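Should a chain be cited, it is by its letter among A, B, C and D, assigned in written order, with residues numbered from 1 in that chain.
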């Protein structure tokens, strides 16, 4: 059981690092689809007791994260004429190193958390992955020019939160709490962002957020 | 006490009536002025009768918003200030009947009358408030209503600027007041004024200083006087008169009330007030001398008189802490009397200035001249007001100062600090008196005497009768107080009736002196009449020629050769150079056939410059630098959130 | 009775004394000088004349001389000449009197400004300026005297049982006061080195330039006022200087007027041997007595 | 069924989306009236929540609900007139979203469950985004984008905060429903470290929505670009709802005995908000942005007051009420100004006193009110907060507080004076109408009335709301 989940977690970490170093928009979208599926699968291999409800939820999540949202973004990228470069504010190499640094910090924090509270050690790697994904998501949000990349960053951040929830919450209290929350978040965030993205494209002929810096003091 | 509230209700009704009648201009003015005057009359009778009958203190309170009480209390101090509050506004309103003559501004005039009524009512509430909340409420209403009065002529940019500065000082001061009250509340846990004295001694000074910053800015204490000197020229003259003559006294009242309530043992408070008074008085009058804008000059002169009043209060407070009853009693009584007197002659002067600005289209002294012939009543009353404000007998200004001198001289004792303070007070009073004389000889001599310097001044005619009549009343009042001061001194003494430190002071000996003063002034007037008669005799049946002024050999004098206010004051201002920065711009003479050269001097307020240089500019620069925060880039906005999380997690 | 006599005598003798100064100055110049009664003649002449008024002037111009003269006279009414109790006095009269002097000055200045003459305006400005400085000194002297006598009345200063005087208590302090008062006297009465009454250039004048337009009886009243004022100051000085406490009224009166005359002579002497100061040095000259008296006043802090 | 407050607007909103514009406006007003009626019934205790495991009628919730419902009524009246003057292409969407927005806000006010609250707040973002984007201009787009992205990030963090609080339950071995009321009873058993961490994330998350600095960055953009009725709703109702999240988290901390920790954070964020607002109100160029920053300031004041505790909490609650009333009135006035002058720039307005007298009265009175002049209630609330802060001995904080207030007043009054009295010679585009002025007057008048006479039920509700975090009006 844990071997599979560890492998999935490792895959997640890999996808995170890949996404940080990715040059091309389309590649980034694909990586995110992959990450979405992997992350959604993880609880399957951690749960002691699976219910019908949770399995159903899992399927919905996979559908959303793995196919719907990436597909949506994919279409958006295809449809609009933008340069397929990522256009980072912070360079790829620096981003990669930042990713590694996040892993390091996460390991440190996770270790602190688990020793301080004598929690079961089995979830340490999950915790590390969660924090790294969260931090990297935020990092993408902060370090990329294009609006689409920011949506992807947000997606990644949500993945991190989802993992966090999985790592921390006992299912007894939170009947589908994590899944439900993340789903709603995604729905709200991505849907609206999608609409806005489309409008940005039609208004500005570009989805570069450099152009979205006119409102300031 | 109910009578007072009735009178306030009537006053407010007058104000509200103005709003409803704004379409009928003259009717609106008549109704409002009549109603408000009636209200003030009731209030005046109430306060005078209670003040002179030494009635016991009265209290009244209502519950407000479940947790507060609106408490009011009337004692002799309140009553004394109520007399001023109710006495002057009716006169200002009567004056305004013709002064506010512009029919096209009917709505605005109605609003002006409304806020006038609110201002009067709120001032009455300020002096009767008996707890923190009530006082703060009344104080804020007073500030707000007076702000609207100041910006009546808002089309003029300078007036808007003045209103703005006034607004900031009002609200900034209120914040300090809130802080002072909150500090009190921290230690007493009660909102009531009567508990103030129970707070620890070391806090009292801090409370007083905080409150002083607020009250001082309302009164016009240097260097907090900027709002006052800005609002004076901006407001319509009868408003400026009320604000200078009555509203700034609310600052004085509050300072004194705060002092009494705190009941602090430390002598520092009295010393602080005294020193502030000296600085305010001297600098105020020097700036008055330096300014050529009549209304601004009068505003500075108000600052000076606030200084004199504060010197009186300070002498009284030092006397209290030195256990010198004579010093205490006469310092305070002098301050009170000067409050009363100043409200009369300052109103008179502002109204005169208003008449001048209305009739001669300018109030710049360097552009006036010869108005005494063209506006005889205004000129004569203004002359009376000038003599009074210079503190010269036989007018009222002298009497207040006489009491303060009397107190200060009796403070000359063995203790070093009070001794030195008393000397400083006496000398500065003398200097202030001299400078005020110089200042007002400048105003009368250059604006009203001599020859008109511009066509506007030459074409001026006498102001309307409602305006001049009010001025005549005020001038006569000033003279009467100067000649028969006894009842008015009694009024000031009655005002001190409820001050615990000076209660029961035997004034009989002093009353004898007052009679002597009165008698001496009588002798002087007799002598004056005698000499006038003598002069008349000498001139009987003699040839009286008339011709141009002798030009000392210069054959073609023009009106522009007359001494101007600037040149008149130049040497005296130069003497105070470090405190009175003068900006001189001279274009210089160049080439063989020089073109037109100009020479310009402008006196700047040292406080204004310092604020500008050391507070406002650096602050604005600093704030401008920080505007980078909102740069429009969403990436960094998210970074702020992350940063906030990280910083907060560090506290975990 | 004595008081009335003393007052009348002072009034009568007033015009005589300034002639002494003229005589002294003439002596120094090696001339004979005018007769001692010259001022009486001048008065009589001026009273007889009519006046020419400038068209610029108003009633204020005519009030000036009257008020000025009246205020000066008031000083004499309250001053104990030769230690004889004055006609009137009360605790605090000095304050009123010096403020009355201020009133006189106020109207003199206004009368000058009323003429619309640039020169008179200049003189008025100077008069206003210098008198402020002098006033501070005078009030400082009053503080000192109050400290010594506990009173604020000329009568108490000089005609009480313990009059202030060089020979009395704290006489040493009075040396400072006397020097200061002498300088103040020169300032307030427009004498050299502050002002030169004999100059002919209007630009350098102070007091004389202010009365350029007055003529006839008005001028006479102004002159009279000025003489009263000079007499008051020299009497003030004389009371301080007078070392003797004679019981005999006549003798002490004689002595007093001798001292007064002596002071007039010194004024004449000073005027003959010094030049007037440049205008910008005058404030310094007037501040000197202030510093002296302030110092003296501070010294009294140690007394009890 | 208290849930009707959410359901009715939701239902009518859906209807309005499909009906012609004419009916839509009527539905808007009718719903507003209905909503207010239900809210009043709830106040009288006549109706109770149908799903007590998720919803409850807490005093602070009722307070926020009443305020939202009350100002919604006037804003919808205003909106009807406003929409007839402006050409909004998608008016049904506007009306529908406004009603959905009301629905989600009602849900926030009533939510007791941690996650339901979170969902409701999330829903407000969803529903209000179209409102901001209504004008479909480039700048509106940018504002919407920033609003959605920043708020989503913040809300996502709040979700994390919810997880942490659940975790603190696990570690403390507490088995109760995850509702604020249930947690409050066992708060002391929760694990303090995770509770603190949870609070930090919640306060940052909901604080983003509430507009606390440094998470406020979306607020000026969104408030200035949204149409004025929407700005008024955002400022007057939405911010309060977000505040409710912060407030309930703080109460949980207080009940767990960690009140000092959360108080300090609230005070810090509150003061920072005020200072940031002060920076940007000075030399502000747009009047709607100025009002938006003033909202940041006032949220800071409320956070500060709640953080201080004691008397100041009462002041903060009063401040919340009065700020909503006055600020929404100000935004409504700003809508008139925008219609009249056709520009959001202060430099392109002026002389309102003469040209725009009715709006001027509302605008200037609102400004005086928001600056703390009587007879408006903010005078009382600020006085109470300052007194409360001194009472707690927080001298340095209160000094900064006062300094910031003075700075903001100095900055804002200059701009307001410029708009009200400054020179302006051009024509007015669309004249003011009573229908667009009366709502502002009504809101201001309410503030005045509440400053003169505070109904007993309101007073008692505030008291019971603040009693749970140690707020009191005595001693």
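As a working rule, a contact is a pair of C-beta atoms (placed from the backbone, for glycine too) under 8 Å apart; a residue touches a chain by one contact, two chains touch by 3 or more.
These numbers were taken from a predicted model, which means no experiment stands behind them.
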**Best-connected chain pair, where connection means C-beta pairs in contact** = B-C
**Request:** Please list the single chain whose C-alpha centre lies closest to the global protein C-alpha centre.
**Result:** B
**Complete:** Note, CA centroid farthest from chain B's centroid sits on chain A
**Request:** For chain A and chain B, let me know how many angstrom lie between their CA-based centres, rounded off.
**Result:** 69
**Asked** Just curious, how far off is chain D from chain A if you go by their C-alpha centres, in Å?
**Response** 32
**Asked** From the C-alpha centre of chain C to that of chain D, how far is it in Å?
**Response** 78
**Request:** Measure off the straight-line distance from the CA centroid of chain B to the CA centroid of chain D, and report it in whole Å.
**Result:** 43
**Item:** Contacts with two or more other chains, residues of chain A listed in rising order
**Value:** 138, 141, 150, 209, 212-215, 217
**Request:** Send over the residues of chain D in touch with two or more other chains.
**Result:** 145-146, 149, 153, 193, 220, 280
**Prompt:** Hey, how would you classify the chain contact layout here, line, ring, star, complete or other?
**Reply:** other
**Request:** Could you please write down every pair of chains that are in touch?
**Result:** A-B, A-D, B-C, B-D
**For the chain D and chain B complex, residues of the former touching the latter** = 145-146, 149-150, 153-154, 157, 193, 196-197, 200-201, 203-204, 208, 214-215, 217-218, 220, 261, 264-265, 276, 278-280, 282-283, 314, 353, 357, 368, 371-375, 379-380, 382-383, 386-387, 389-391, 393, 398-399, 402, 405-406, 409-410, 413-414, 417-418, 420-423, 451, 453-454, 456, 459, 473, 475
**Prompt:** What residues on chain A touch chain B, complex-wise?
**Reply:** 89, 138, 141-145, 150, 209, 212-217
**Asked** Which bits of chain B are touching chain A when the two form their complex?
**Response** 627, 630-636, 638-639, 642
**Asked** For chain B, which residues count as touching chain C in their complex?
**Response** 369-370, 372-373, 379, 383, 387, 390-393, 398, 401-402, 405-406, 409, 412, 414, 416, 419-420, 422-423, 426-427, 429-431, 433-435, 437-438, 440-441, 444-446, 449-451, 512-513, 516-517, 519-521, 523-524, 527-528, 531-532, 535, 538-539, 542-552, 557, 559, 561-563, 567-572, 575
**Item:** Complex interface listing, chain B residues touching chain D
**Value:** 65-67, 107, 133, 136-137, 140-141, 143-144, 151, 154-155, 157, 160, 163-164, 167-168, 171-172, 174-176, 178-179, 181-183, 185-186, 189, 620, 623-624, 626-627, 629-630, 634, 637-638, 640-641, 643-645, 648-649, 651-652
